[in-house]
Structure formats: C-alpha cells, structure tokens
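Next come two complexes built around subunit A: one with subunit B, the other with subunit C.
On to the complex of A and B.
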C-alpha cells in the first residue's frame, strides 16, 4: 500500500483556519481593525471571519503558505489598514466661529521689498527692514 | 483603576500634552482662542479699482505653526497659524467627523490635512482637530498683543509640538504619483 506523507501546517495557519471554520478568513492588522470591520460588515459575517494578526511579515507568510495548499486564488484575504478608511472623506466642513463682512482701506499699492534674513545672525527683522543691518 | 487607565495616567504625568503660559511670548504650538483673521473675499477681482476692498473678518481658534526659534530671534515679521476646531462641535457640522472611523483615520495619519490634539482639563478644552488646509498669516506684533490678552493659555509640549510640525510638513510635501506600483 503506497504511503503518503502529510506535511503539518504551521501553527499560525492551523489557528487561522480553525478560527474561521467554514468562513473565509480575512486577516487584519490589529484587534481595533477587526472590531471596525465586524461592525462595518455585519451582513457578511456568516461568510467571512476577520482575524487580527498584528505583524505584517507573519501575515504575509500565512497567506503564502495557504496559497501552496489551496486551489483557490486567494484562500485567505487581507485587508490593508488604509482600505478601512475608504469611506472617510478627504475634506471636512469646518467653519469659523464668527464671520463679519468689513471694508478694508488700501493704504499703499507698491511692490513689496525683498529683505534678506540671515538665519545665523542675531539681528532682528525690524532692523533689516529699516536698513540698519548688513 | 484598570491597567490601561493607570498606564495612560502615568504617561500623562510624565509627558503632558500642554503647558500653561501667560503673556505675549509666542512659540510653535501656542493655542489661541477666537483669534480674528482678516481675509479678502473669495470673489475679489484684479486689478483693484477702488481705494478699499471688502473682506471677511472671521474668528478661528488657531495654533502657532511658525518655528519657535524664528519667533524668539525675530527672524520673521509674521506668524503662521492654522485653524483648529472642537471635535464634538465639528461632528455636529459634518456628520462624518462624529464617526470613530474618521477619528482613527486621522489619528493613524491617513488624512494628511488633519491632525488631532488631546483634550485638557484646566483650562478646559475638548479634543481638537487641526486643519492644515486653512493657513493664516498675521503680523507678529498683533498676535503677541492678542496672546497677552488671552490670560492663561495652552502651549503644546514636546514631543507633541514636533509631531504637529511634522504633520504640517507631511501635508505640504506629499506627492501624488500618477500611477502606483502593482505587486
């Protein structure tokens, strides 16, 4: 009778598959991300299980290992931290406390003067403006 | 007190976010409340035909962004300021700012334009959101005068002050690539 050696899976992969059971395991960085995704993706929790994995190297190693033993293209999913915030807008609506329209008198209209400021010298801006420095 | 709360309390004692200052001294990270800012109207036209222009006089809570050494050594005539807002109040104006996801995205540096400042007990201040997209420049003499009228006020301590400065720099120096590397 032919014998067949069955290679044991790493403890990380075993635990991942055990935790996910029949659901697809999706690895995330930390527990906080896992909770966020659990809340966001309530509808699909019967199909997916989010697992906090921490270390990125460990996470990639498990993903590669799972690919070796599975015919599926991505047997284990990974959610990058940045993808968690896709719904968050880039710009928020922030407004001043008070606003008042005023009229400003123009005192002078002339090209502004250039004034060199030596960052290492102790002299002050005002002196240079008055032409005392340099 | 739980382990986490105890650790937090020890860190707050050892590395407080703010110090209290009074008077007209200015440093990077100084927090000024209700500062008047004069801005030309967005629809201002060129060339200016009149001897006067319409402008908006707005009040913002602001934080000093100019480097402390430039302020102390009189290297600049103006002070760069960025606006900041109470997080709870901002959340009422913009619902997305009331969400935990948004707070986390900002705290983790995924929204470069914004940064969070911690709350403070005395003088009381809630969590703040700094907007690096609203930058103002006011004469130093004016800001000094305004600061001295604020009474006891908050000044960001290191390393939070450096974190503010670095976040500001990161917002400005960011580069968007036309295409990403696909691995």
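On to the complex of A and C.
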C-alpha cells in the first residue's frame, strides 16, 4: 500500500473536504441550487453534502485536484444547473417532494402572419403585404 | 532551544494504515498552527497521542521507562515490554517524528520507533542536546510568568509538550487541606481531570492567594479578562474555594461554570501557567461544548497568546470557526477521499 501523504491542499479543496467530512461532496453552481438539493435530499445528507461553488472554472479546478490526490475513482460529484429541476441524475436518487420546484419557461410568441389583397390595385395586379394582427 | 514538529510518519496504528503528515508550509518551515480535520474515526486523536507518547521517551525520568514488572530500560536504545504495553505504541507498527531544533543551523532531529523484537527506539544525534536540557530543567519552578519576558526569565529551560485530551472538566473536589501548589517544569504535561483538592485549579488559586499575592493578582486579572458574561473570579478563604461572582451578584464555585466556560478556562489558564517559549501545544477537539461565538473567542485568544510567546499549536476540530480563524492553509484533512 502506498504511503498517503497528508499535506496542504488548495483552499477550495480543503474547505470542500472539511465541510463534507466522510460524505461525498456534490458541487453545485450557486447557493439557491444548494438549498434546493439540500431540502430535496434530506434523507441522504449523512452520505452526501451539497456545496455551492459559483465559479465554473474554480469548480473544475477543485474536481481535477481531488482526482489527482484521491484514492477513489469519483471523489467529487457535480450537478449541472440545467439538470437540477427537470432531470435529476439517477445517481443521486432524489425523490420528488411536494415542495419540488417547477421551472416555468416563457417563450416569446412569434407574430401571427396574415396577408391581404390591395383592392385598389390596377386590374391584373394583386399586391400582397405582410403585417401583424391587432 | 527551539522545538518544532516537521512531520509524522505512521504505519499500522488504528485507522492510520500508512500515512505521512506534513506540518510544514510550502516553504518547508513548520506552520505555527495546524488544524487537523477529518471525520470521526479518521485518526486525529491517534496522531496527537502518538506525538506525545513518542516524545515522552526523550525524558529518561519519565514514567515510561520505569513502570511495569520489568521496571527498567532494556538498553540505551530500547524500551521495556511493560512500559510499552501501557502506550499506544504497543498497537503501532512504526512511527517516526521529524523535528526542527534550531532554525539557524537548520538542525533536524528524528525519533523512530519500530515495533519489532527488540522494540527499537532510535534517535538522531541532534536530540542529545535536547535531552540534556530536559534533564536540567526538571525541578525548576515555573509559574504564571510575565508572557512578554518569559524568554528572558527562562532562557535555560527546555520547551514543553502541553497536551489537552478531549475530556476536560472541573469536577467537585474532595478534601480541603491547603496544599503547596508550585508549578514545576514538565517535559510532557498531559491535562487530567482531578477529583482531589490537591493539584486542582481550585487548590492552585487558593495557594496563590495565600503565598504568592502578586501572581494571584495576575491570575485573577487574566481570568476576569476571559469575559464570561461579566463574571469575576476570586477566592473564599473561609470556605477554601475559588469563587465566581455573576453580574447580578450571585456566587458559585468554578466547577459550576458551564462545560464550555470550563473548557476555555482550563485551556487558557493552564497555558498561561505552564507555557514556555517554543513549546508544542496539542489540543484535541478544541471546540468541545463551545458555542461558535466562544469558539472564535478561544481561537483569537490562542493567536494573541502566540504573539506574546512563540509556540507551535496543533488542534483537532470539526468546527468551522477554527478553520476561519487559523486559516485553510493551516488545515490538513485526515479523511481519506
């Protein structure tokens, strides 16, 4: 068995591991996401801890550093913000609760197209124009 | 003499299979403060116990060399089976400590214990000078000295190892006879909860009040500065008890302080009483019973103390407050990840 060297790590990784303790750290983008998952996953908080990271580059650096020094294959989990509410990865086994957050997407409506015929056009000419419905 | 811990190598001791803990910063110098963090069962207490136990063997007057049925050292470099069986070393395959003794000369020294037959206890040459200093420091009286002049007052004393295990409390005491409470130099001081009057903090304060009024005044000033919600400290000569008077004028004994207040009082008063320059202070579960507000207060008090008198501090904790105050760059994670 190789010697495990315990030495200073980056501040971000030290804080992540300190907060997580024996649990698997799961990094999420911001505090709002962290609170959402923390509430959703109450039953498993002894196994994993959600940590808000904010900056994506920072988050990736921590994941890379953890992989470098870790004896495990997948020491840190990451939840992408887009996957939070609609499609939670199966690995987290998150059960829906009544307080589940719903994202409402509002899409800008394309203007309705119509055409009209210019009645005053000279015989043999028909003029078609585009316009918006009132 | 300067004494700093550089690294600890351990094989097969409790949860520590084969680890090397580095107590130095990026420049290779020992950090003044190290926070050992990690899950329960990750080996934090084991690390402190190993440091204290291995260093204890540097003191040939120590109980380690004279206890048990065999009762003597097998050889200059050996440890008797009986002495060994009482320590964590009996459950350790290998442990090695690397020390820095003099920064100017970059003098390093190592201690190594290999749990094979015979039990070898090896030390590098540089340690002889420290051993000699420890031997000559015994019986010297130290007590609540002026922190700013301690290096001048005690130039010839060896540093100490001051260890506070996780259980720290003041219990109601038996016995009421006034004892002479001189604080003598100890190479290793391990705080122990006492139930007898003699050797207790009660007895110590009462002796100071009786025999050392100037030191007593300093001690009381120090205790009052701890700021336990306006509580003030004193001694009732009639009852032979140290007393705490609350802001509203009620009085109780120091063992009636809350467990958190007791923790702070024990650690800071004992350090103030025994700390010599360049000592190593080890505190297990430093946050015991402390509200975060008191955790910050204790951390800041230790840092202030370190500004007056240099010492290496190694603490174990689960509390964020100590990481906040002592710094993430001083924090080592023992949990395997």
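For this structure, a couple of remarks:
Keep in mind that, in the parts below, the second predicted complex is superposed on the first by the 79 of 134 C-alpha atoms of A that agree within 3 Å, B and C clash if a C-alpha of one lies under 4 Å from a C-alpha of the other, contacts with A are read in each partner's own complex, and residues count from 1 in each chain.
Basically, contacts are C-beta pairs under 8 Å (C-beta built on N, C-alpha and C of every residue); 3 or more make two chains touch, one makes a residue touch a chain.
It should be emphasised that the depicted structure is a prediction, and the values quoted were computed from it without experimental measurement.
Of the two partner chains placed around the shared chain by superposition, subunit C is the only one that A:72 touches, whereas subunit B remains out of contact.
When the two complexes are overlaid on their common chain A, residue A:14 makes contact with subunit C while staying clear of subunit B. Note on subunit A: of its two partners subunit C and subunit B, the one contacting more of its residues is B.
Looking at the shared chain after the overlay, A:46 reaches neither subunit B nor subunit C.
In the superposed model, A:32 makes contact with subunit B only, not with subunit C.
The interface of subunit A with subunit B does not overlap its interface with subunit C at any residue. Within the complex, the subunit C residues that touch subunit A are 9, 17-22, 25-26, 37-40, 42, 318, 320, 323, 328-329, 331-337. Looking at the complex, you find that subunit A touches subunit B at residues 32, 36, 40, 81-82, 84-85, 87-106, 109, 117, 119, 122, 124-126, 129.
Only residues 1-9, 11, 14-15, 17-19, 21-22, 66, 69-72, 75 of subunit A touch subunit C when the two sit together in their complex.
Across the complex, subunit A is touched by residues 34, 37-38, 40-41, 48, 50-61, 73-77, 83, 85, 90, 93-94, 96-97, 99-102, 104-105, 108, 110-111, 113-114, 129, 131, 133-134 of subunit B.
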